[in-house]
Amino acid sequence: MNAFSPGEAAACRRLVELALAEDLGTTGDRTSLALIAADQVGRAAFVARTQGIVAGLPAVALVCHAVSDRLVFEAVVEDGSSVVAGTTVATVSGPLRALLAAERTALNFLQRLSGVASLTRRYVDAVAGSAATILDTRKTTPGWRLLEKYAVRAGGGTNHRVGLYDGVLIKDNHLAGLGGDVRRAVEAARSAPGNDRLAVEVEVDTPEQLEAALAAAADIVLLDNMTPELMRAAVRRRDAVAPRTRLEASGGVSLATVAAVAATGVDRISVGALTHSAPALDIGLDYLP
Amino acid sequence: MNAFSPGEAAACRRLVELALAEDLGTTGDRTSLALIAADQVGRAAFVARTQGIVAGLPAVALVCHAVSDRLVFEAVVEDGSSVVAGTTVATVSGPLRALLAAERTALNFLQRLSGVASLTRRYVDAVAGSAATILDTRKTTPGWRLLEKYAVRAGGGTNHRVGLYDGVLIKDNHLAGLGGDVRRAVEAARSAPGNDRLAVEVEVDTPEQLEAALAAAADIVLLDNMTPELMRAAVRRRDAVAPRTRLEASGGVSLATVAAVAATGVDRISVGALTHSAPALDIGLDYLP
Amino acid sequence: MNAFSPGEAAACRRLVELALAEDLGTTGDRTSLALIAADQVGRAAFVARTQGIVAGLPAVALVCHAVSDRLVFEAVVEDGSSVVAGTTVATVSGPLRALLAAERTALNFLQRLSGVASLTRRYVDAVAGSAATILDTRKTTPGWRLLEKYAVRAGGGTNHRVGLYDGVLIKDNHLAGLGGDVRRAVEAARSAPGNDRLAVEVEVDTPEQLEAALAAAADIVLLDNMTPELMRAAVRRRDAVAPRTRLEASGGVSLATVAAVAATGVDRISVGALTHSAPALDIGLDYLP
Amino acid sequence: MNAFSPGEAAACRRLVELALAEDLGTTGDRTSLALIAADQVGRAAFVARTQGIVAGLPAVALVCHAVSDRLVFEAVVEDGSSVVAGTTVATVSGPLRALLAAERTALNFLQRLSGVASLTRRYVDAVAGSAATILDTRKTTPGWRLLEKYAVRAGGGTNHRVGLYDGVLIKDNHLAGLGGDVRRAVEAARSAPGNDRLAVEVEVDTPEQLEAALAAAADIVLLDNMTPELMRAAVRRRDAVAPRTRLEASGGVSLATVAAVAATGVDRISVGALTHSAPALDIGLDYLP
Amino acid sequence: MNAFSPGEAAACRRLVELALAEDLGTTGDRTSLALIAADQVGRAAFVARTQGIVAGLPAVALVCHAVSDRLVFEAVVEDGSSVVAGTTVATVSGPLRALLAAERTALNFLQRLSGVASLTRRYVDAVAGSAATILDTRKTTPGWRLLEKYAVRAGGGTNHRVGLYDGVLIKDNHLAGLGGDVRRAVEAARSAPGNDRLAVEVEVDTPEQLEAALAAAADIVLLDNMTPELMRAAVRRRDAVAPRTRLEASGGVSLATVAAVAATGVDRISVGALTHSAPALDIGLDYLP
Amino acid sequence: MNAFSPGEAAACRRLVELALAEDLGTTGDRTSLALIAADQVGRAAFVARTQGIVAGLPAVALVCHAVSDRLVFEAVVEDGSSVVAGTTVATVSGPLRALLAAERTALNFLQRLSGVASLTRRYVDAVAGSAATILDTRKTTPGWRLLEKYAVRAGGGTNHRVGLYDGVLIKDNHLAGLGGDVRRAVEAARSAPGNDRLAVEVEVDTPEQLEAALAAAADIVLLDNMTPELMRAAVRRRDAVAPRTRLEASGGVSLATVAAVAATGVDRISVGALTHSAPALDIGLDYLP
């Protein structure tokens, strides 16, 4: 895993542009302009300061390229690699002013995306041995959705739909106009123009709603904030009534509870924290002599 | 505190545009289009699910406005307010399809910025009674610097320079070309074109570098990763030699250690975690009957 | 049917901007500037000169609004309406210079989209009484896909996938790397990350490929350029083997042949000509006294 | 004829960007991502399926380049060439995923522009032997004016003014404020600021208006919807009274009638159908072994 | 004269956006934020400090509107008016912070455009009584062409072609490929596609070239850097040989010499200094109590 | 001095884009298209027609590059060089059509920026021997601030703050809310969030205000429109009371008076005319055989 798709690259380029504008303003790095000669060159290494999963090296490459086409960036490991404190993940060399101008922005991308990948990996490891996959959600940083979903994959997670446009997920608020009728909602969603090519997922809060969803043969049923006992019962009913329907646990899943959730037999577990609460992974830039 | 500055508003509008594009694609919310009638209206409240500091209400207003000018947004509290689980922070009403299209993006802004403000407040509270101020850093989410710095202020923190362009901060890598001479570096930075209106800050790692910085009457000296003992000694030397110079502690400061750092007598404590590792604050959107 | 979705509106606004730039340049309408006083006002009606289906009135509204917010546009019929020569479909009034500046661009949108809708309706009428739906394709005018798909719906047609990103359609060229194995291709496409929420469609040229596709329970099978006899056979096999699989006829379908195709029992007929070869519908702008 | 002017290239690049966005979305071609290995390469030929005139090869080159700079495009014929079914007009080779991503968009440009060129050539051939030139109009696809006018030239036609800004054409609606006085209108238009470098054309519906236009020595007179008899009379009057004035026939000219119109002796015949109603030329992409 | 055309307004809006970005950065006016309360309001008058011609009031309106929609701008005089020291040309009122943020940018537009108008008026006055018109050139400030040409008109001058695209002007460097043959050049330019609606102007340096230009019946002949004697001779030849051809004097014309040039009988005098060397007109903003 | 900073380059690229759009429109140079063969090449030299200081060569390079990547530009002198009539400052060669398309825009940049540099140098020379530096102001051409400030440096001048965002300058209108209390204003400005890194400058009109400013130890005091006698007295008071405070003369300084102002002992003299009233430097483009 070592490259962005075209869509991810485009999203990243937009953020790089914003990031360099906010860091460099119109006048650039006043400190370097004052103290570093224009022809000075340097070389530095991105080094992990702690254990974790690396993600975001293509973003670092885009930052370097945007600052100066004379910066030479080389990845040493691939995104998705597990590193320990002291591992060199990449090197960069070129004009020292450019290097200093790129440093903070490059680290900000790399630390954040590696943070998402590292947290994802911890969830994935916690359910190892079960059949459950760890999914992300739409609880992403505005402007960062494609990149954060990339980092989730680097961590071993699986992507849920990208947005409201490429999947159907019926929540309680969608049921209002239908008198709360889950079955009718699933059928109406499935037959709407353009939806015939999309899986239909429906959120259920109670065993009654679950029955309706299974009766409608929803492709996926999201079990919202249910106890492990309710989830286990849901798995049994699904096996009995609608074996092609997949079950997704969601709501308040934490590292402490995820293994128990997986043990209920659900197919999928979606975790908002992967993207909305991952701390940065500590990675630094060491200048080489 | 209840409005963005023009610069913050412009930065936010750019992120809102990106966020809606990534969530709605070209076709919009397929689920709502299938299940919600075009003329259905609704009303909902943003409600805190836990204790914390709110920040980002103007971003929510911009999201609502961008989705539909028929959405009516009303803030109930101001940014910077402390809330508890159950506090309604704002309401929104209008076409239900628009409400559902805005919901996730609005929450993503509000949860993240409130997360930054809440973590900042914990640091600020931890140093209460000392003279130290809590500062942010340039370790911000690319594209989000102005908004995250706004959230830091909402939490009671103080902003460091915005970027490389509006302040001088000499780090060790800037010293290479000058043989590591801190004093010459301060003087060179101060006399560079355009820098005469800017305070000059210099990072020091050792007591020797500190002496040189004080001798150069640097406006601010950043004490990098020093022990409380070294910091206390630095404060004493500063008082003796260069009383107008301010001292800033930086590097690895945590909630566990910040009070001890403040007790050394430093003027400023900069904390990268405020922006790079703040978990989202749990805020939800409750639809009202 | 009287409004664009947000995505369609955004696409239309981009084209309106391009269209006005190419018609008005930087200096505007030199003829009006020379001959029409700035305060002259006028009123005009969009009138069909022939029989057909109207589509594109929201585009006309956007053109008028972009030229001058003093132009008042009123639709008289809705998109999707059948009109005859002489039917007034909309009126517009306001400053005469603005009216003349908007006229050609407005008509270019309205004539083209009405042309697509009118041709679609003829295909839809031709298969009336059968169970087949008329689908569009990706053979659209670059930049116009969302608008032309809107016009197809106005004409009574059904939209196929928007693009390569929201549906899976395996063509012969995709099979190369798999030794032409249709069944493996369907299974591989279905299990690829992100595709689990999407229907899988596969193109087949021969009865053998059809068998493989049915065996893989493809959601949709595209029968490429088959004779009515082969299609009828395909329908029988589908009914026998994989009754949930839908069959789509495609390739060289014309107004002369579409009824015979529908009579074979296929579920869907996709027609490139709807968007790549629809002549403009003749609509004019009559100035009222 | 084998290259776009800078203005045409800029217009084309904008449409290519829109077209790829609408076809690839943010995630790209899900089918290729699932079935084609990243390092697979391919080669294909654009082949005419019917007789016609090719136009748009530079657009195909821009599409290929925009999708991947590793695609190698080579034109075999030049725009403006007459081809028959089976003629290879260009080849393209490179990564197979990129080839498949570019295919539909490239064909959509090539088929549409070749359609315009082919229809234009039929009109040009129909008036061969006469002195009349075939002109396009402003009835172009919004966003496509420069490209469609390029295709008209590829077909042997002549371009009318680009837009309202680079030529004066007085229509009946411009006369309202002047009491319908054609002569005063021509003189006023000619003396308006900035118009002294532009030819003045005026539309006339009646012999009386023609007299006024000739008396004003209009540079061009547009004969709107006149019968061949009236046109012949107009040519005679022009020869007698204002030999430098050119006459342009316009309004409802079809392939069936254009030869008769040309035989009246008019200098120019403008035909909206060239751009608003040209069917696509059937060109396909054949993958080579 | 009190409004921009749509093209001028669009050009102005782009410059306003650039100007506010360069003056306000991302953080805005730090002085006002520190010293002016958010609810303070004010009122001020734009007052001429010297004699001249006003131009640019619509630009001031756009600046005020861009800074805050709560600023109320009112023009007291119209563009093109002659003012003396002390004349109030416009007033503005609203939030004081917004007023201070708009002040410098508004004055920069108004002073520059009024400077161009004022210098133009001096040239126009200097040739009063002759038949010559004063023309601008393409020697404009990059980004400002449409606005500076507007200011020339406000000063009583006449606009030459906007750019290379809406007029033909053959200079010596265009003649190289034609062996310096002026007559052939005029004829070739006239018959090139798209040029049949445009006047053809040709630059001549010698009486021989003048003869060729008149023989070709060029619409306009530009007499480059000729003495008054040569110009007078040129006028005589023109009257004798090609009375419809207009003569334009160009090259090094100053306020000291323009009357003598006009007296030679040329029709047009183009003056680069109008736009490339006009000093700003001194206008200030006085805050009202 | 031979390169733009990244910020200046970005600002220049935006203006180059606007300038080429306004000169070339969509159709380009109609004269060259008609008369110059596509494969003709040429070579030309930018030659000073008068004495002055060159500035803007990197802008010329950007113009050439934007028009065609086949144009080869070579600077012969550096920005900041003093040239005389006849000095070749740069050469350019390549396709003749591209050369002609770039010519006017390139000259417009070079003449204007060289004009600013040349006027600046005259002020700098006029104060030679004094300790005063010549500063620019915010009275710049909208859109051109960074480039004009670059030209001021090329002329030997010094840049004042870039805009309202990177320096504090308290003017009389800022004092209104504080009862005109200069001292309180300085202190309030200094303690405002974000201003602690910025020098505080205050404008004074009277000796009383000067005293207050010195008492507040303002970093810079702007002496507004004072007589030389008042300035001399201000210098004496500053020396006595606040020797670290710098004094800046401003208001109505001309080439005739600047030496007398410098002789008063002020540190800085700011001159609006450098950027708002510099005439273009006469530089031409000579085509080489």
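As written, the chains take the letters A, B, C, D, E and F, and residue 1 is the first residue of each chain.
Note that contacts are C-beta pairs under 8 Å (C-beta built on N, C-alpha and C of every residue); 3 or more make two chains touch, one makes a residue touch a chain.
Only a predicted model underlies this, so the values are computations on that prediction, with no experimental measurement involved.
Chains that count as touching both chain B and chain E, per the definition above, are A, C, D, F. The chain with its Cα centre farthest from the Cα centre of chain D is B. The rotation relating chain D to chain E, fitted on Cα atoms, comes to 180°, given as a multiple of 5.
With centres set at the average Cα position, the gap from chain B to chain C is 48 Å. Here the CA centre of chain B is 35 Å from the CA centre of chain F.
Contact with two or more other chains is made by residues 11, 22, 24-28, 33, 101, 146, 162, 165-167, 194, 198 of chain C. Chain contacts in this assembly form a complete graph, since each chain touches every other chain. Across the interface of their complex, chain E is touched by residues 5-7, 10-11, 146, 162, 166 of chain B.
For chain C in complex with chain E, the touching residues are 24-28, 33, 38, 101.
Here chain D touches chain B in the complex through residues 22, 25-26, going by the rule given at the top. Listing the residues of chain E that touch chain D in their complex gives 153, 158-159, 161-162, 165-167, 193-194, 196-199, 201, 219-220. For chain F in complex with chain E, the touching residues are 11, 14-16, 18-19, 22-37, 40, 42, 96, 100-101, 104-105, 107-109, 111-112, 115, 138-146, 162-171, 173-178, 185, 188-189, 192, 194-195, 198, 272-273, 276-277, 279-280, 287.
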